[in-house]
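What follows is a pair of complexes built around chain A, which joins chain B in one and chain C in the other.
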Partner chain A sequence: MVENAHSLNIAASLVLLLGITYILGPLYLTFATASQSYEYLLRSGLAWIPGDQLFNNIARIFTETRIPLQMLNSLLVALSQAVATCALSFLAAYAIVGFRARWAGVVFALILATIMLPLDIRVITTYQVASNVLAPVNWLLDATGLNGVIGEVFGAPLHLEWSVLNTHFGFIAPLVAHGTGTFLFCQFFRTLPADLFKAARMDGAGPVRFMFDILLPLARTPFAALFVLTFLSGWTQYLWPLVASSTPDMQTAVVGLARLSPDTDGAVPDFPLIMAGALIVSIIPLAMIALLQRYLVRGLVLSEK
Partner chain B sequence: MSAASQALFANRWLPVLLVTPLALLIVVFFYVPIIQAFYWSFFLERPFGGGSIFVGWANFARVLADPQFWQAGRRTLLFMVVGSSLAVLIPLILAVAADRAIALSQPARNVLVWPKGVAGASIGVVFAFIFNPFVGILAPLNHWFPGIWNPGIDGTDAFITLIAAHVWGGIPFNFVILLAGLQSIPRTMHQAAAMDGAGPWRRIFDVQLPLIMPQIFLTLVLEFTESVTSAFALVDTMTQGGPGGATMLLVYKIYTDGFAGYDLSGAATQTAILMVFVILLTSAQFAFLGRRISYER
Partner chain C sequence: MNAIDTAIRAAASSIALKGVTKSYDAAHQVIPPMDAEFRAGEFTVVLGPSGCGKSTLLQMIAGLERVSGGAIVIGGREVQNLEPKHRGCAMVFQNYALYPHMSVFDNVAYSLKVAGMPKPERIERVEAVARMLGLSELLARRPSQLSGGQRQRVAIGRAIVREPGVLLFDEPLSNLDAQLRHDMRLELADLHRRIGATTAFVTHDQVEAMTLADRILILNKGRIEQFDTPKAIYHRPASVFVAKFIGSPPMNVLPVTGDGSVLRLADGQVVVEAPLNGNFVLGIRPEDIVFGTGGPLKARLRYREDLGSHSVLAADLAGEVVRVATPFGVDIAEATDLSLSFPQARLHLFDAATGRALPGAIGAQ
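Then we have the complex of A and B:
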């Protein structure tokens, strides 16, 4: 179709140029300032052209702050969150779609409800639960009167206590308790032809064999998409690692970065150092986006449908 | 595979076993905290395990009588409406532009998803610096007109900074969804409209936008929840709720009341109110807006 859309194309180019500037501008200014010295910042403010202090500032991040150690925390948390989300969501989705279970619809709805109320909104009581995960068991023991019996027989009622705060497991578990992955896999399984099942059964494959030998290899793309999506979300989490960690050595890099700017009354904070920190902390997820963009876009689109 | 139910496996306990790990996590870390928030909102909870007393609706009465709660509520609503409208409108314009076969389209599709890799807290730290009144990009403006820009003192300036950072971080998801919607419009639709004499500008409003209404609606719904719940990192790194409570959004108030003020009952009550609000909002959007949109393609 040949048609004169010149004015529209020019307008579209301008819009895209503005959009790209809006995204890259702050990133460029971060980079430029990270490569200047504190004295330069005091003298001329925000840097528009890069200087020669980038490696110096990065070296200071490595020697003066805990960000390197905190990046290891972030890496561990983001990786295990991604692996756990992929594995548990795959199993749950297979249970919901692959079997003739009457409860499947209800369980699916209960899992999906998690998307509506994110962790940030219920952080107070999630913190309380994480400080003693076994509290509901204690409550059940009390409510059923079982604890009275235990108290009579053993001399004291049972009171269980298990805090997951300030542990890597505690950072991950509340974030894995989320429905996006299950939703994504369910959507994918439903696109598979029913004949696949029949053929597998005719060949004598049981449900476990079917899962490992047929479903798992087929689901490589949704796996990759969900992995990238969850890794990025785990790396960029802020509120939960902030409240769930009580020592700087357990904090994640994003939390450590936010703690770099102290409340200096009147004095200008050491922005070149902070910007160098922002660069270092964002480098792993940005590299991941650059390399695995295909899967990220696929994941975003799949999680919507 | 859901189509033919006789193709499904009939095991009774295997699916239970498969769903248990995730279900257990969701019960412990999602449903128990939610129930506890509602439970606590009817009790006066003392910090450090000091016991609790049933107080009925007293917590709600106390929270609803607090002018700070209403101010935070209004701020949250304002942030939600302005923030999410812009966070959908700007990616929408960008997506319509990137859908055209022009040179910049490919680089734009690449660059516009980058913010997905930058944490909200990092965005906050960076934007707080860029809009710093003394060394940021608007510092020269202050040089000529002293005091015209200072997010540390002026509530409106602080709010604008917050919105700018929020929209920046929201671009990737909304852009990708809206662009995917635009690209799934069959070429024949464009051709038919062109035959009928609709120019390329007119087709944006008469063909493209009506056909991606489901995507616009979806991004708007998700963006509403997102803006109510996920502004915490931005507020904490940029303004800490100030100046004078201008950026004190409810999520941030709940955090400060609970973790700094040890007012567990008050925080739980506000959590309960906020959760009911989010649930009502989402249901209302699906009930009123969802019905008007034809999902036919």
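Then we have the complex of A and C:
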């Protein structure tokens, strides 16, 4: 038995070692490349050993690229998205669990169904909506024949136009509704004793007061967990900011990073510069995880002591 | 005497239920129309098996559930359409329902804070309640740092701090272990003696009901079986349901038939002389059965339970199990024949069809 446990230990250690290599290998290559010069890379291909150009490359990120500005974009987008997602999920879950609404079950199922419809598969329709948010109003005016009347009275039918493409709001809004977040809060609220709400009502607190005084403080951990998760996904979001932004000044850092490689065929990208950018862009989510990781685990386990 | 004691005693209001009904769905009525009055300052226990509608009744009084019909009058005011906070009721819940993230002080003070009471007054009130309940040392703690009994006291403090006219308890002791339950029972009785609040206390435990209540309301499937003092309920049960629910072990009930002169058991043995015709249910408490004096009824001992203070014998009589309470140490082997007698003065007679008591027919009633 002892021998068995021993060999099991060795096997487990080997697997772990393999895993660590798998994860740290690319990170090491990123770091090594970021610390070499472009010329070194052209000469010897992959950079296996670190060089002395790291600070030089980082300085170039700040002087030669728009990454710092784009990081501000990312920060704004990711923070707003995290805040809005948390607020919306929290409110939706409270409405579903806290009140005996007749259609709560159906609504919950529909919200869960949106988990299977991520932005990546509805990117074209989302683009259409974002390019004119008021299109449904136009359609409604046409369909009800109201536009005919308006055309006669004012001389021209009404056609409303409001594009949110290439705005921060446009980057954020389509990603705010979050099925997983709503589910997380719903499950958390269901672990709370039902008598808590009744006790608060006896104490004279209405639903809003109950939400602020009791629900919100109790939901601290799931809140923090969802905040970190949505912040990270907002920061690393690629497809939607790429599609929805049209000027470099509006792009997010991850998109800007990808744009650092030249569009022309055959040119070797400036990998040291790109990797230095990658290092800088990763710092913020890394710091986020480092600060809030205990919430991340506790919030997802959903056990409040 | 604390100021809070006198304030609550002064606020104590009566509760009158007038044709109150409740149904959660059209299919069945949890509470059929009910009339009852909980007198001001009295400790009324609502007793019944689980699922009979006790919590529903209490929550309708509190305002946490709407009535489906009828009126609730508290202290002369119709309240069935008022929000809980306007009814002057406070409630203690089974699992305490303390706010886990607040200190004991904040838990007790929360209702005062919501009501907008200025802070100095709030502190004064909470401290008075804490002194009364022995919580003064615990005010800074969180509920998770308290024992079950302490949490219970915090829940009670939270209820009485507003000086309510009516105190409602929903099975507040059922989460405690036996010893603590006993202690808390004494504490509750003591508290009621001191503050004199009108109290409605829901439980399924007859010992709690018998020891705490001024009057007991016995509920069966939402209907009132009997509403009387513990003594009356024990000695004059109004129905077979009450007879079988109260007492440990509960009253023995046996089907009997009257032929105009005597009542006979199912196997033909004569229990008592009575000029009655038809089918009845006969009841007798285990401690009222006389045993071992060569009585007329023949039974066979099945098993015995020795409880220290006394023994309970379970015997077969006319196809039914009859329990007999005897002083401890009766020397008798299992599976032997017993002779029992039922003193006529101790007999209870019930209608076989309705289960209602027939007072005055024979014996005890």
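Here is the rule we go by: the second predicted complex is superposed on the first by the 286 of 305 C-alpha atoms of A that agree within 3 Å, B and C clash if a C-alpha of one lies under 4 Å from a C-alpha of the other, contacts with A are read in each partner's own complex, and residues count from 1 in each chain.
One rule holds for everything that comes next: a residue touches a chain if its C-beta (ideal position, glycine included) is under 8 Å from a C-beta of that chain, and two chains touch if they have at least 3 such contacts.
Quantities reported herein were computed from a predicted structural model and do not represent experimental measurements.
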Please determine, from the superposition on chain A, whether chain B and chain C clash or fit. fit
In the superposed arrangement, does A:Pro26 touch chain B (first), chain C (second), both or neither? first
Quick check on the superposed pair: does A:Leu218 touch chain B, chain C, both, or neither? Answer first, second, both or neither. second
After the superposition on A, what does A:Asp203 contact: first (chain B), second (chain C), both or neither? second
Would you sort A:Leu41 into first (chain B), second (chain C), both or neither based on which partner it touches? first
Rounded to a multiple of 10, tell me what angle the C-alpha centres of chain B and chain C make at the one for chain A, in degrees. 90
So, does A:Tyr238 touch the first partner chain B, the second partner chain C, both, or neither? first
Where does A:Ala143 make contact in the superposed view: on chain B (first), on chain C (second), on both, or on neither? neither
Is the number of chain A residues in contact higher for chain B or for chain C? B
Mind working out whether A:Pro193 is in touch with chain B, chain C, both or neither, as first, second, both or neither? both
State the minimum pairwise Cα distance, in Å, between chain B and chain C in the overlaid complexes. 6
Touching chain B and also chain C: which chain A residues? 193, 195-196, 198, 201, 304
Spell out the residues on chain B that touch chain A in their complex, using ranges where they run on. 1-5, 7-12, 14-19, 21-23, 25-26, 28-34, 36-37, 40, 90, 93-94, 96-98, 100, 102-105, 107-108, 110-130, 132, 134-137, 139, 168, 171-173, 176-177, 180, 190-191, 194, 199-201, 215, 218, 225-226, 228-230, 232-233, 236-237, 251, 254-255, 258-259, 264, 267-268, 271, 274-275, 278-279, 282
What does chain A use to touch chain B in their complex? 1, 3, 5, 7-9, 11-13, 15-17, 19-20, 22-24, 26-27, 29-30, 33, 41-42, 45-46, 88-89, 91-92, 94-101, 104, 107, 110-111, 113-114, 116-118, 120-130, 133, 135-136, 173-174, 176-179, 182, 189-190, 192-198, 201, 206-208, 210, 232, 235-239, 242-243, 254-255, 257-258, 260-261, 268, 271, 274-275, 278, 281-282, 285-286, 288-289, 293, 296-297, 300-301, 304
Using the touch definition up top, name the residues of chain C that touch chain A in the complex. 59, 62-64, 83-85, 89-91, 93-95, 97-101, 110-111, 114-115, 144, 158-159
How about chain A: which of its residues touch chain C in the complex? 193, 195-196, 198-205, 209, 213-214, 217-218, 304-305
